[in-house]
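In the two complexes below, chain A is the common chain; its partner is chain B in one and chain C in the other.
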Partner chain A sequence: MDNQETRNVTPCAQTQTGQASCSVPNALGKQLTPWVMLAPFLLAFLLFFVIPAFQTLQLSFTDSGLTETHGYVGFANYIELLQDSSFWASLVQTAYFALLTVLPLTALGLVMAMLINRLTRFAGLVQAIIFIPNILPIAVMAMIAGWMLHPTFGVVNLVAGTDVAWFNDPDFAMPMVAIATIWWTVGFNVLLFLAALKNIPQDLYEAAKLDGASEWGIFRFITWRQLRPVTVMVFGLQLVASLKIFGQTYLLTGGGPFDSTKVVLHYMYETGFINQNAGYASAIAVVFVLIVLLILLLQSLITRFINRRG
Partner chain B sequence: MHTKMTLTSLLAISLTVLLCVLWGAPLLWAISTALRPEAQTVDGLQWLPDPVVFDAFVRVLTMGDLPVFFVNSVVTSLAVTVLTLLITVLAAYSFSQLRFKGANLLFWCCMFGIIFPFEALVIPLFRQIYHLGLADSLGGVILPQVVSPMVLFVLKRFFDQVPKDFREAAVLDGAREWQILHRVYLPLSRNIIYAMAIITFMGAWNNFLWPFLVVSSTENMTIPIGLTQLNDTYGVRYAQTMASALIGGLPVAIMYVMFQKRVASGFLAATGLKG
Partner chain C sequence: MKKIKLLALMVAGTLLSPAALAQTTLQYWTLLNGGDGARMKQLVDGFNASQSDYKIETTVLNWGEPFYTKLKTASAMGSGPDMATIHLSKISGLTQTNGLEPITPQAMQGASYDSSKLFKLLWDQSNVDGKTYALPIDTHALVLYYNKHIAAKAGLLDEQGKLKPITSLEQFNAALQGVKAKGDMGLSMETSPMSYMPYRLWLSMISQQGGKTIENNKFVFGDAGKKAMDAMAGWYSAGYATKGLDYASSTTEFMTGKSAFMINGVWELPSVTDGMKNDKLGFDVGIVSLPSFFNGVQAAWADSHALAIPNNKDKPISAEKMLGVTKFATYINQHAITWSEGGHIPAYEPTVETKAFKEMPLLSDYVTNTASHIVYDPDGWYSGAAGPLQATASKYFPAALTGQLPTAKALQMFERDAGKFMSRPAR
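And now, the complex of A and B:
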């Protein structure tokens, strides 16, 4: 309240040129300005974020179809979800993908960034070679990976002298999706690690070299310590990104063979958009949100713990 | 000591070269495939195309739907970029420089949008777009993409860092907020706005999930969706498939090569690491 009154007065008191800015409509305009500027964003945010978020929750308690709304069914969707073996299988597939990608993407990103950081020449070129796959649309990535791993004409089989149908083999499908994903996205992590490496004060290294520290010692006691926060961040980003996997498996394997790569979002898509069961799909979405938020919460707790220990 | 250092360096450089080969190979192989006559794509292992022909590129650009997908991607990505920047610059300025009741709470609500997975909103979003009559239209592709709490976060943080002297000088001159934003803050934030525009454009160009859900007819498909339909069109024509893939990725690849530094700074700012 106090704040508001002062704001009504200040234009008059402060503006030397006076006249117009003292008039009443202008003072009112000044109060409206923040809201006028916010309105377009807030409207879009409300329409395309806030309302859908609540609707997801609301729909999850109904047996609505994709476009028509049906009545409430209480917790029926959630109870069904608990006993739905396809849902649990999709969670397991998602976790398997996370297991295959999160740690390799973090570790490889760190190693690549350190290698690039050592270079005195061509650092920009090497970074570009690693990063370019990352900016390609997912469909382009999938087409190239599909062609590389083609059962008969794929370069991988030709070089290795094998004839494996990589994406049609339940043992190979998910690992191959993981490898394609690593090729596609590791450049982003390299970017983050390189920025963090450049932020490490150089005098730390110079002091260590004067003390005759070994290269391993320098890594362990300087580089690694300084990189710990960004490593936790990359790991967390990667974990959440891996839970959101859909496009890679959808395009490369179609969820098969025998549903062995059908991940949570694929199951949600299939339930909501193919089988038109929006109520049940929304329950899957709610559980998905809870898992993502829980992981983010854990990540921020771990970051805080590490920062406190110094 | 000296030999040990060189050994480490040698190992590091060999590893770097190996990784470059592994990471560059798929794209080079795709280019090599696209540049050969269709019959030679299934001719076994042959690294370099001989003869080099552009038939595949010519065919996918003159026949089939690739040009349609391309135009749709240009239109939707540009629209998303312009609209996102327009509404978000205004909001960021308001949150950063203007005082109003509930500003903090409102800003943190918007920030919740950064961590909330968009994927969980697609069912009600689809229903909404459907009931607005925008299902299977470019407008339906564009609208939900204009909300970017990440860009809001980056721009607000940038505006926060602008020294207050600039603002006070403008206020003393009797400038209104719109003028202060236009004459003081926009010129100062040109670099960060360009960086956000580039990564917003790239994100829209590459967006798969939402256009995939909302678009159903070929004439409205964007590149990432349309490319997935090509196999049905071409059957097993690998040179043409690779040519289409390369054309689909070309605009963002060119943008990256041209604005490498800006792209990097944009992505870093987006993760909150630097900016």
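And now, the complex of A and C:
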């Protein structure tokens, strides 16, 4: 209590009429203002996120259709989920997609940022060109990718001389979705890495060069070490984004062929809105959130371990 | 001067407002886009202009699954429209969940709506448990398009230049083989992932064999289903049709004169007639009812558009508005010729007897025959246009046709996936 008062107290101000206006209302005012400013957002957050999230949790314990909530069935949905081979398959598909995109997107972002950093002319232009795909809405990106990879009319098949139906082939469908996603989003990572690169003090490099360090040494001990926090952040963001995908597979392959690109969120959407089983879909949502939280926890533990190791 | 202007405005307002108040607005949701959307707009505008009691306000939504979800969730909240275009294949599901309001005989009488003049199969489908839930507008069925030039080369046309009747699978296969021998592709049909045509043809073939697809929410297609799948897969493995084309590519294959036959819905008729009229096609096209592949029995998958009144929670439709709906349905029947320009078979039978209809190119070749042999999607809440059953079929059936999956396995996977939701009650 004492600490708080000393922190927030301002000396009693003398007003025009000579009366002292003291610190207590002022302290309250200072505490109140940020809350008042945040209130609209917090209200929206409560109404559109927190409350529906709890309702989803509630729904997952019922046997509900799309528009009516029916009776409680306890953990029946979760038990069914654990034995649902389609759910586990969709988890594997999601993991496969994450594998194909998280590391490449982080690494490519870093490499491209480093290359752009070395450009003396047209750096801005190259940066813009790499970033432009990122501003496309997902439906536009899917249209472009779909047309380029079309088996009969697509430019990829024209140039390569093949007639593979890329999105219809179980071996190529997911890699193609991954490539389209990488093309679409790498620009954002490049931006983050470039900003971080520009923040590395130049004298570190000059000192290293004076000491005769090799290119690899410079990278390993200066660039990489300075960039590590950003890289970890980019990796984490990318991981969550890749686990959460829905639009790319929904638009490009519809989950096919034979569900080989059906990721968890697509399976959840299908269960809820097409098969009209909202209770089961809610269970999928809850389990998925827990899995993502677990993965993030794992990632932060590993990061802390690496950082401690130096 | 100002006061007089104000007075004049007030008088005008009071004179006009009773007229405005007397007009009832009907909110109308439709999923008809493209050419169909334009024709429906024509009908709506015509109806609004022909009388002053009702005014229809249309909202056009996308075709597909989201339309029915929107309709369902909106009416569950009481904020659905007064009337909506639905597919008759969805009617069993919609009525099982109390999604539609029955249309009263009084409303139909008040609008002089004559249900006896509709094609019988459509009217039967619109009634559930003795109550009318929809007023049919049309039927759109699977038909066989043929390229007269290529067909003539293979000796398949008669003296009048029309296709000689094909009444068995063997005859059809022989025709395809004949076309292939002359260097052309036999058949164009979509078989890309998420194609619907294989499922629709499969339903038709099962019906032709006298079988049923679903009974009591269980699959009963048995051997008939297997034979149908094998028949279709045979065309692709023999090279009579190009594997893996999507809807646009397969239709283009036929429209650019590369294949003899196309199995597609009647909705491609406008592009065919336009192409022939403007000499853009380069060859003449004919249309016949879907051939009988089994037992000489004719049956073609079809669906129908219909007007229906959604059941808005706590806001039942007024008798006056329901009369407006039936009046609009009567208007559509009387102007069904406009709707037929889209290739649809009008629900109102007298239309096909009119001179104007008979003069429309190609339609009369297949309309009456097809309308008497249509087969709808099986009953069930999961069935119907853009429902989960169609979606599951479109996952595996194209793969069976292109040889990616053995036909038996495709049917097995289809049964397994569909069984998951078929066993659940209507929600």
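Just so it is clear, the second predicted complex is superposed on the first by the 262 of 310 C-alpha atoms of A that agree within 3 Å, B and C clash if a C-alpha of one lies under 4 Å from a C-alpha of the other, contacts with A are read in each partner's own complex, and residues count from 1 in each chain.
To be clear about the criterion, a contact is a pair of C-beta atoms (placed from the backbone, for glycine too) under 8 Å apart; a residue touches a chain by one contact, two chains touch by 3 or more.
Quick caveat, the model's predicted, so the values are computed rather than measured.
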Partner chain in contact with A:N168 - chain B first, chain C second, else both or neither: second
Between chain B (first) and chain C (second), which, if any, makes contact with A:F153: first, second, both or neither? both
For A:L293, decide between first (touching chain B), second (touching chain C), both and neither. first
Considering only the touch criterion stated at the top, classify A:L82 as touching first (chain B), second (chain C), both, or neither. neither
Taking the superposition as given, does A:F273 touch the first partner, chain B, the second, chain C, both, or neither? both
For chain A, which side has the bigger count of touched residues, chain B or chain C? B
With the two structures laid over each other on chain A, which partner does A:L99 touch: chain B (first), chain C (second), both, or neither? neither
Just checking: does A:F258 make contact with chain B only, chain C only, both, or neither of them? Give me first, second, both or neither. second
Touch test for A:L66: chain B only (first), chain C only (second), both, or neither? both
Common interface positions of chain A, toward chain B and toward chain C: 66-67, 152-153, 273
Residue positions on chain C within touch of chain A in the complex are 65, 69, 72-73, 76, 97, 192-194, 244-245, 249, 381-382, 387-388, 391, 395-396, 399, 404-405, 413, 420-421, 424, 426-427
Which residues of chain A touch chain B in the complex? 3-4, 7, 14-17, 21, 30-31, 33-35, 37-38, 40-42, 44-45, 47-53, 55-56, 59, 66-67, 112, 115-116, 118-119, 124, 126, 128-133, 135-140, 142-145, 147-148, 152-153, 155, 158-159, 183, 188, 191-192, 195-196, 199, 215, 230, 233, 237, 240, 243-244, 246-247, 251, 265, 268-269, 272-273, 278, 281-282, 285-286, 288-289, 292-293, 296
Listed in rising order, chain A residues that touch chain C in their complex are 64-68, 70, 151-153, 165, 167-168, 253-259, 270, 273-277
Help me check something: in the complex, which residues belonging to chain B touch chain A? 5, 8-9, 12, 15-16, 19-20, 22-24, 26-27, 29-30, 33, 41-42, 44-45, 86-88, 90-91, 93-95, 98-101, 103, 106, 109-110, 113, 115-117, 119-128, 130-131, 143-144, 146-147, 149, 152, 171-174, 176-178, 202, 205-206, 208-209, 213, 223-225, 227-228, 238, 241-242, 244-246, 248-249, 252-253, 255-257, 260, 263-264, 267-268, 271, 273-274
